[in-house]
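For reference, the structure I am asking about is given below.
Chain IDs A, B, C and D follow the sequence of writing; residue 1 opens each chain.
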Amino acid sequence: MMNRFRARAYQLLEFPSRVDRPSWLIELLLILLIIISVIAVCLETVPDVLKVHGPFLMRVDLWITVIFTIEYATRLWAAAEAYPELPAWKARLKWAISPMALIDLVAILPFWLAFVVPIDFRLLRLLRLLRIYKLARYSPALTALFAVIREEAGTLFAALIILAILLVFAASGAWLVEREVQPEAFGSIPSAMWWALVTLTTVGYGDVVPHTVIGRLFGGLITLLGVGMAALPAGIIATGLAQHLHERRNRLCDEFREVLQDGRLDLADGRRVEALRRELGISRTAVRSIYEEVQREQPPRQCRCPKCDHVFSPPR
Amino acid sequence: MMNRFRARAYQLLEFPSRVDRPSWLIELLLILLIIISVIAVCLETVPDVLKVHGPFLMRVDLWITVIFTIEYATRLWAAAEAYPELPAWKARLKWAISPMALIDLVAILPFWLAFVVPIDFRLLRLLRLLRIYKLARYSPALTALFAVIREEAGTLFAALIILAILLVFAASGAWLVEREVQPEAFGSIPSAMWWALVTLTTVGYGDVVPHTVIGRLFGGLITLLGVGMAALPAGIIATGLAQHLHERRNRLCDEFREVLQDGRLDLADGRRVEALRRELGISRTAVRSIYEEVQREQPPRQCRCPKCDHVFSPPR
Amino acid sequence: MMNRFRARAYQLLEFPSRVDRPSWLIELLLILLIIISVIAVCLETVPDVLKVHGPFLMRVDLWITVIFTIEYATRLWAAAEAYPELPAWKARLKWAISPMALIDLVAILPFWLAFVVPIDFRLLRLLRLLRIYKLARYSPALTALFAVIREEAGTLFAALIILAILLVFAASGAWLVEREVQPEAFGSIPSAMWWALVTLTTVGYGDVVPHTVIGRLFGGLITLLGVGMAALPAGIIATGLAQHLHERRNRLCDEFREVLQDGRLDLADGRRVEALRRELGISRTAVRSIYEEVQREQPPRQCRCPKCDHVFSPPR
Amino acid sequence: MMNRFRARAYQLLEFPSRVDRPSWLIELLLILLIIISVIAVCLETVPDVLKVHGPFLMRVDLWITVIFTIEYATRLWAAAEAYPELPAWKARLKWAISPMALIDLVAILPFWLAFVVPIDFRLLRLLRLLRIYKLARYSPALTALFAVIREEAGTLFAALIILAILLVFAASGAWLVEREVQPEAFGSIPSAMWWALVTLTTVGYGDVVPHTVIGRLFGGLITLLGVGMAALPAGIIATGLAQHLHERRNRLCDEFREVLQDGRLDLADGRRVEALRRELGISRTAVRSIYEEVQREQPPRQCRCPKCDHVFSPPR
């Protein structure tokens, strides 16, 4: 009986779906609590709010922490279901060291630790802000986005090196031409870097701008380089996303080819494809177009046996 | 006779084309009236203009509302043509609850309601601004753009979560390092969020900027993250648009394959392809290149044996 | 003899290439003169420069106009070569009404007209600035870029409509929440539009910013929409460029397929491909990869005549 | 023995890999020294730091220059290994005139030259900043990024011409409408160009903004063009990167096709593919998807006739 209870808890917490109403409500509640908790921490830093509503915010925080602790304990307990082939404690350990579990832990640990060891109140508050990372669990597209960023890390890092080179170039140039007119803002290369970075990223605060004619000519060149600079990550991410999408589509294509080998798309096939579709985060209309593409594919060529002249379709 | 009149009205309002001159003029007039109406509402909020031209603007508004009301009534009446298989009232109801019809209704309803129930004058004015949404009907590419945004909604939402996480990170960091020097702008995390958001979106007003050395180092890091952040939607939309275009091209390819199966592209085929081309919003040059691609993939329909001159269709 | 002279002039002016040294020098000289001319007009508007170097700049302008007039006359005369099948005057008229010829004409006409009819001096100066459009002739990639912008005009216009809708939304919202605190900047919807546009395009001057808490919340939402807004044209142009490149590659593929039908790539074939490559503006490395792709394509399938059993490759 | 020593030095410096621990440590050390050196030069320009830590920074610089000199000498000496077919001095000369070698030389030469000929101290300092370009050697993705920028140079230059045309248009328009109200900022076209460039690149410092109503209308138009302008490089780079990736994937596809011709993927094949994968900078997951694609296109190598059990290779 305990085991059935645990299986249900596992399903409720780890595989919420709109069809399973209770799991969906729990998911919504947890998302809401994360947002309330982060807003509460932010509001606590406003002196006027702290003075008036301080005790109330603290009670809110206490209750949310308690709920998150229960959530963590339940997930840890139910994690035994995740790897049925392992002993329960090993499965739980494996879950406990996963990134999402560590984020869950960091979201509650400081609160309880503060009872044991004295922790700086300010640090405690900031650690509670880390709860916002718990949101990452609830967006499947986020996983894809992170995968793209990780895959393109090398190219993004190369863009960063280009930025570093341009930054040194811009800051030293601006220092050369502006340091006498504006010793405060361009008096040294490190201080000129503030202007250089703000310009190269096209943020353009305008708190520091070149004043001399030659400074503006040089500044104009840097704004141009800034537009090119800002174009690099956009181009890299566009390419990475397109590539990622292409690969996910290919995986779905393969799945379709396999389930279509017997010539029919029965209910079991449909469920298998639907499961993969959700996992890959591909839209239903895209799946239809993939399905049509696979169907359209040339049937296997006819083969003529050179010995007996029998004509047949060779297996793939 | 009435029915022929209704069919003509339906055609005039719902399928304007440059060949059918009257329908084209009506379309132009309606677009012009939308723009005039929105400009009039905007100008009414300028005190000097209101004082001098107030009565004139109100008359303009009255007349435009009357015309829009006639437009709405005619569309509602003619909507019976849209679903010939349904009874007229059902077809009209079906049209009346479509998004474009609701926008049309909202554009006129408040004006007439104000005669019955007292409505706040300011709210009334703002509701009239909603008329600008009527423009959406007149750009076929807009539909495609909205379809892309809807299809990529999940990924765009994931980018929003990343932004939310970075926002909390940036605001709490800036609050830590700048709150003593600039208690006004960085005195609490919520107020530091204004700077964080303005920086992460690379808008960079410059009304609030970090002043301390460590604040500028941290701010520089945030501007960098801002460039990456701004790159996400650009990349997502580029990928979505490319994907959407790919699917529309595939649909046109299929159409070509079908009409080319009999080996000839006759006038009826041409009209069918042209209708689909317009619906999908693909340019004529792109269609030509698709046509050539499809033609190239078709196997030679007739083969002449070079030895015995026998003509036959080779097996696919 | 005159005709040979004309053919040479035509070649020098219309088909400059690095191999033909004189034509290359003439091209460089003309580009240089365009740039000098535009800089001269710009400098004339600086009062101090005008006072000291005014007569010199005027002489520069006179001489450049004379050279451009000679250039125009020569191009007009040589245009007879462009359409050898037409009578000379018809070929010249055809050239004279082409966009590049009209730009050439506008670059010189005002100067000579000013001797006949009195033209406002300021207007004359601005008309001379149009000379910068003459640069368009010297970048082949520019033609491709303009083609993409023209092809995507519908989608870019749809993005503009979205911007217009957001602009009205942002301006009316900011007017509602900020007009009492900042009657100067947000006193009416038209004046609030300045802030709205500067924010939605992520330019962010910072001369006008919301001050109230609710105004900043609303402003933050608008900066978010601004990032999405700025992403639209980037995505549209990326897709358009990719599509354009795809079509140009396809044209080169077809060319390769044709010249490779006899199985060999001889010198004449090479020249034909090279000419197309330059016209399409594809890089040499890309051509190599296209060549390899075409080569790799499946050879035509073997056909077996059902009557005499002869096996042969059917023509495409 | 000397030769084996040289071969090892060559390998250590030119082909560092994580497996070869010493080479990896040397690489890390050199990267660290580059960063320290650039930071040192930047800090030297801060008067307060120079006063207190000047002698220390100079000693740091001396030692780093000595190490870089040893590095250069070793690389020059070991370069003989790079082209075994050439005599040693020719191989070294060939290396010495490569771009990376010239950057290495510029990073040390001024320091030693200063002992012989008097060089301006400030220039010397800036030349030392060039050391940051040495970083380029350590990011393989940077090479790909530069290749894309070089390949798209023509299109990027076309975008620059469009920007130049828009710049002249924006500056002359703003000069016309704003010069009387703000003679300082918009008094001449060259000074109006500062505002025009800052707006067209969407940097938007806000130090100069239009004040008149007509100026703001015109300014709004320019901000719109600015968004379109900024979209061009992003689109160009996205297309270039996608194209580049496509070509690299094709090269890997070819490699797979070749090694799979014998039907098996043995260890030697795996190493060959892995070497190419690293050179092209493609991720492992992408390689797997390419591998599967290639495998799928291979025709069945052996066919068994279902009637007579004869086994044969079908013709392609």
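Just so we're on the same page, contacts are C-beta pairs under 8 Å (C-beta built on N, C-alpha and C of every residue); 3 or more make two chains touch, one makes a residue touch a chain.
Going by UniProt, the chains are A, B, C, D = MlotiK1 channel.
Keep in mind that this is a model prediction, so the values were computed, not measured.
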### Message
Rounded to the nearest 5 degrees, how far is subunit C rotated relative to subunit D when their C-alpha atoms are superposed?
### Response
90
### Task
Quick one: point me to the chain whose Cα centre is farthest from that of subunit A.
C
### Message
With contacts counted as defined, which of the two, A-D or B-D, has more C-beta pairs across the interface?
### Response
A-D
### Query
What whole-Å value do you get for the distance between subunit A and subunit D if each is reduced to the mean of its CA atoms?
27
## Note on the structure
Distance between the CA centroids of subunit B and subunit D (whole Å) is 39
### Summary
For subunit A, residue numbers touching 2 or more other chains are 193, 202-206, 230-231, 234-236, 238-239, 242
### Query
Along subunit C, where are the residues that touch subunit A in the complex?
202-206, 234-235, 238, 304
### Message
Give the list of subunit D residues in touch with subunit C in this complex.
### Response
151, 154-155, 157-159, 161-162, 164-165, 168-169, 171-172, 175-176, 187-191, 193, 199, 202-206, 209, 216, 219-220, 223-224, 226-228, 230-232, 234-236, 238-239, 242-243, 247, 250, 254, 315-316
### Task
Can you check the complex and tell me which residues of subunit C touch subunit D?
38, 41-43, 45-47, 122, 126, 129, 132-133, 135-136, 139-142, 144-145, 156, 160, 163, 193-194, 197-198, 201-207, 229-230, 233-242, 245, 281, 283, 285-286, 289, 292-293, 296, 298-299, 302
